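Next, two complexes with chain A in common: one pairs it with chain B, the other with chain C.
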Partner chain A sequence: MLLEESCMNDKEVLKIENLFVHFGTGSKKEAVNGVSLTVQKGKITALIGESGCGKTTVALAVMGLLGKQDEVKWSKLEICQNMIQNISFRKWQFIRGNKVSMIFQDPLDSLDPLFTVGNQIIEGIRSHQKVSKKQAYNLAVKQLKNLQFEDAERIMKCYPFELSGGMCQRVMIAIAILARPGLLIADEPTTALDVTVQAEILKQIYQMSRNYNMGVLFITHDLGVVAEIADNVYIMHNGKIIEDGNVEKIFNHPVQNYTKALLESIL
Partner chain B sequence: MPALIKALQVSKQFEKNELFVKNKLVTAVNNISLEIEKGKTIGLIGESGSGKSTFGRMLCGLENVTEGEIYFKENSITNLTLKKMKPYRKNIQMIFQSSSTIFDTFYTIGESLEEILLNNETISKAESNLRINKILEQVGLSKEYRNRYAYQLSGGEKQRVNIARALVINPEFVVCDEPVSSLDFTIRKQILNLLNNLKNNMGLTYLFITHDLSTIQYVCDSVVIMYKGKIVEYMDDISQLGKIAMHPYTSILLQSIPTTNPLNKKICMMEEKQSNLFIKKSVKGCIFADRCPQKEEKCLNKEPDLREVASGHKIACCVY
Partner chain C sequence: MFQFIFKRIVQLIPILFIVSIITFSLSSFSAGDAARVLAEREYIRPNTKEIELVRVKYGLDKPLPVQYCNWLKKVFKGDFGNSYKNNKPVLGEMIYYFPNTVKLSLGAIIIVICISIPVGIISALKPNSIFDYVGRFFSFFSASVPSFWVGLILLYVLGAKLKFISVLGGRNQGILIPAFTMAFGMCGANIRLMKASITEVLNKGYMQAAKAKGISCIRLYCKHGLKNAILPILTKTGIMFSGFLCGASIIESIFSISGIGKYALDAVITKDVPVIQGYVMLMAVIVVVINLAVDILYSLIDPRIKVQ
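And now, the complex of A and B:
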């Protein structure tokens, strides 16, 4: 079922084997039931499934963001050649941001409304690199210019509510890739956006992954977006991966009935 | 054939109240005229903030009109009082976008539907019981759902009840405000099929508001494209969309639809262009001039009117 293991090990930026997540809610159901997946360097891997199938939970488990009462088990979890097993909070803080970052569905909710955009980018830089405030400011402006903000200095002084949804999402991407992580997890980054803006963001993520040789785990329920951006695809249903493969194979020769049903729901 | 519902040069301005700042007027809908014939479905498309929902709410009488007139079967329904509007409410209904917030959490689905029926029609309880069972069956739910509360339903079921709520009093005209955009991909097609079937069975007329161009080809007969409160394009025959010359905004919208064929990636392969995200608040001349890839000198001076370029096809653009 897994992708061919012929690829070199150092090309894999994320390797999960047998991930189980069980929420401490009293029910016996596993939210994630034995998920294994790999993300390769410079490639975009899509994780598709309907709401409630556990795709966001996989992302949170990889980021170490699940609560203490939740039971998380895996036989192997490797992020950019770092084995994750009983590691300290401090080590986690190093891995998060430097090795792996995440962007979320609602860009307005993930930025702090009380601080300017510039403040939040500078905070991100200074928590990972030892630089002066002035240097951090210059880095931040440069980063925004990389993401095609023409008037980066003005954007730095704006509060999140002054920006449109698409601009906020691009600021989030800017913060996420500050330290050039090897892996970016994008959890439905375009679901809340207009089609024209969605096209811009998709193009940006695609170019980032190619330019910085970054692996992307792209979580979505929209098959159109997947056809547009992904190289490899995993289909998830009820906490399990039921089919995986290269995007052309999944779209043109699906094997599982659920995948076929998904493809039929394209308008 | 006379139009079922007609909007004549309708405008809507909102007053923006800010502390210490003089009240500003924001024009949400700017001089729109539209006629909808019985039995037709018109798709109203625009990005967020283009005023499409405001226009839909004005047709339903949920929002006052600042300028212009709205007619329902030749009767003016512009800014009627609540009492005078009531007989029209029965015929003009709206399906709202968010299905989770429109139901009273203390009422069961049956009680919610019953209240609407008894408020709008003079019928006995036994009769209303039958009507509720019938409408639930029509939207594909069993009658056990009457005793459930809104939080006990899934998103797709809630949207079905939402549709039942709008259709239970047999309206003639229904405004669907983004009925599928909050739903999962797999349920989307089911709901659109349901809307299509109900339209054929009950003889409904829809105004279908959406920002997603891929859904409208599935349900609509004609299409209206809105940008910043104005109609920039009207097309009588939706199958012509993408085939004939059109407004630059429409072509940007069409290019932004993700492909369904992975061998034919178009968005990621698009050439470097000037970013479309920077939208200025007010521009002189054509409202679209700051984003338009085909703009010329004259676009900045003259505001184009909506004019007919072919039969059943109107465009507001100076270049054509």
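And now, the complex of A and C:
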């Protein structure tokens, strides 16, 4: 039994047990109420729910990005075999970008407008790897080329406002996967993009997950996207996980009325 | 970059031209009869004939546009005319008085920056802490207390009671206390602005994304936070510096500093038209140059400005 558990843990890149989040805004309601979920290595796990149900809050809690005024509690939070409990900013610094990375909803807002794309990628590399600026530059160019940027050297010199939303999101993906983290959290990465660019970004996230054996927590409210790329699905409603299972089970044999209603909305 | 600077300089020419027209017209209309003032300098109790003689002598009988053109021609050559009060060239007098005002204003701006930036940053990073409350109280206090009152209190306490500074002014007085008086009122507004700016930047998506990359605390706050938050402060500091240079007259009068503000104030009282015109033109040029410098600095920090 212990051995089985250990083998299973090796495959898990994220394990959350009983996550509670209460915003320090005076509201009595829990934003996240006892969420438990796991993400496995090389698999894409979708977290679905309507806007405001607490999906992004789960992601921010996992990344340690919620405000100091917010109350965050959990029974267990494990990221790539790192137990997270009362850890310092320095330890977070090691985990973020290295063990877990995140892609945000609005790519244009996620890149600092005052620095070039190259500067921001190199900064990410040098935060986790002891390499010279030149080596970091070469790594960044290589990564951008992997993400189908043919003129990577030019892109490195561009400021975020000189790129399109899709290009910025690909830059964000490049930053997120540079250190080959075990877990990638993608928070509605295609919502702010054109339909034509959405498919390309999804394809790249899927390929990254398979190529680098990376677990992906894919947050979305788009069930069409989930059907396309996800392996496992968690349905969230009012801060709680109400149903979970593999994608076939959820799409073909939903149990909860809310899940059925969600599915009906796209049929 | 050079194209950007050239464009901005070209834009300044019509502004200065309009300012020169307004300056000349307003001072000509509002300062009373300049011929009478000049005649009083040359004759004891001048009669109408003598005033008319002076009017012709100085070209004051000509139409106002002709007078303006003659004045502008001289201004281009650096000649603002002679003071009615002591017959000395206005430009020479302004060059003599101006460095004192620059010293005072620079001192004040350094004090504002040294107080408001750290206090604003800490208040934003530690909201509702004791530091934030003290900062908030200080900002309200400094914004609501007039600077001349602060000056008089400091002069009374540090000058009359403790004898740290000279009440009569002069070289022994130093620049610190007058500069602090000048800076005091502006500190509060700047602390609030810095706090608001940092708070806004901290909530931006790129700050969250930078944190998610796992960069160090110093890099996060100093590189991304401060650089983005400093932009509105830069504009405000430019405006404030112009304000200090142009509005130094009260502080200079309280602390008996021979600055250009006091010089101009005396000129207004004695209806010394060439001095008033010279002063206003000099201040207009200074405001315009400082704004240009701020624009250039802004464009160096924010690449989006160059594109616009």
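Structure notes:
Here is the rule we go by: the second predicted complex is superposed on the first by the 259 of 267 C-alpha atoms of A that agree within 3 Å, B and C clash if a C-alpha of one lies under 4 Å from a C-alpha of the other, contacts with A are read in each partner's own complex, and residues count from 1 in each chain.
Heads up, the rule we're going with is that contacts are C-beta pairs under 8 Å (C-beta built on N, C-alpha and C of every residue); 3 or more make two chains touch, one makes a residue touch a chain.
These numbers were taken from a predicted model, which means no experiment stands behind them.
With chain A as the common reference, the superposed partners chain B and chain C fit together side by side. In the overlay built on the shared chain, the residue A:I84 is in contact with neither chain B nor chain C. By the document's definition of touching, of the two partners only chain C reaches A:I175; chain B does not. With both complexes superposed, B is the one of chain B and chain C in contact with more chain A residues.
After overlaying the two complexes on the shared chain, residue contacts for A:E200 are found with chain B alone; chain C is out of touch. Of the two partner chains placed by superposition, A:V216 touches none, neither chain B nor chain C. In the superposed model, A:G166 lies in contact with chain B only, and not with chain C. In the superposition on chain A, A:D112 contacts chain C only, with no contact to chain B.
When both complexes are overlaid on chain A, the residue A:A261 reaches chain B alone and has no touch with chain C.
In the superposed model, A:F104 lies in contact with chain C only, and not with chain B. In this overlay, which is a superposition and not a single complex, chain B and chain C have their closest Cα atoms 5 Å apart. Chain A residues in contact with chain B (one complex) as well as with chain C (other complex) do not exist. By the touch criterion stated above, chain A contacts chain C in their complex at residues 63, 65, 89, 92-98, 101-102, 104, 106, 109-115, 120, 123-124, 127-128, 159, 161, 172, 175.
Every residue of chain C that touches chain A in the complex is listed here, in rising order: 204-206, 208-217, 219, 223-224, 227-228, 301-304, 307.
Contact residues on chain B toward chain A in their complex (touch as defined above): 47-48, 155, 184-186, 188-189, 192, 211-215, 217-218, 252-253, 255-263, 265-268, 270, 275-279.
Chain A meets chain B in the complex at residues 50-51, 148, 150, 164-167, 170, 194-200, 202-203, 206-207, 221-230, 247-248, 251, 261-262, 264-267.
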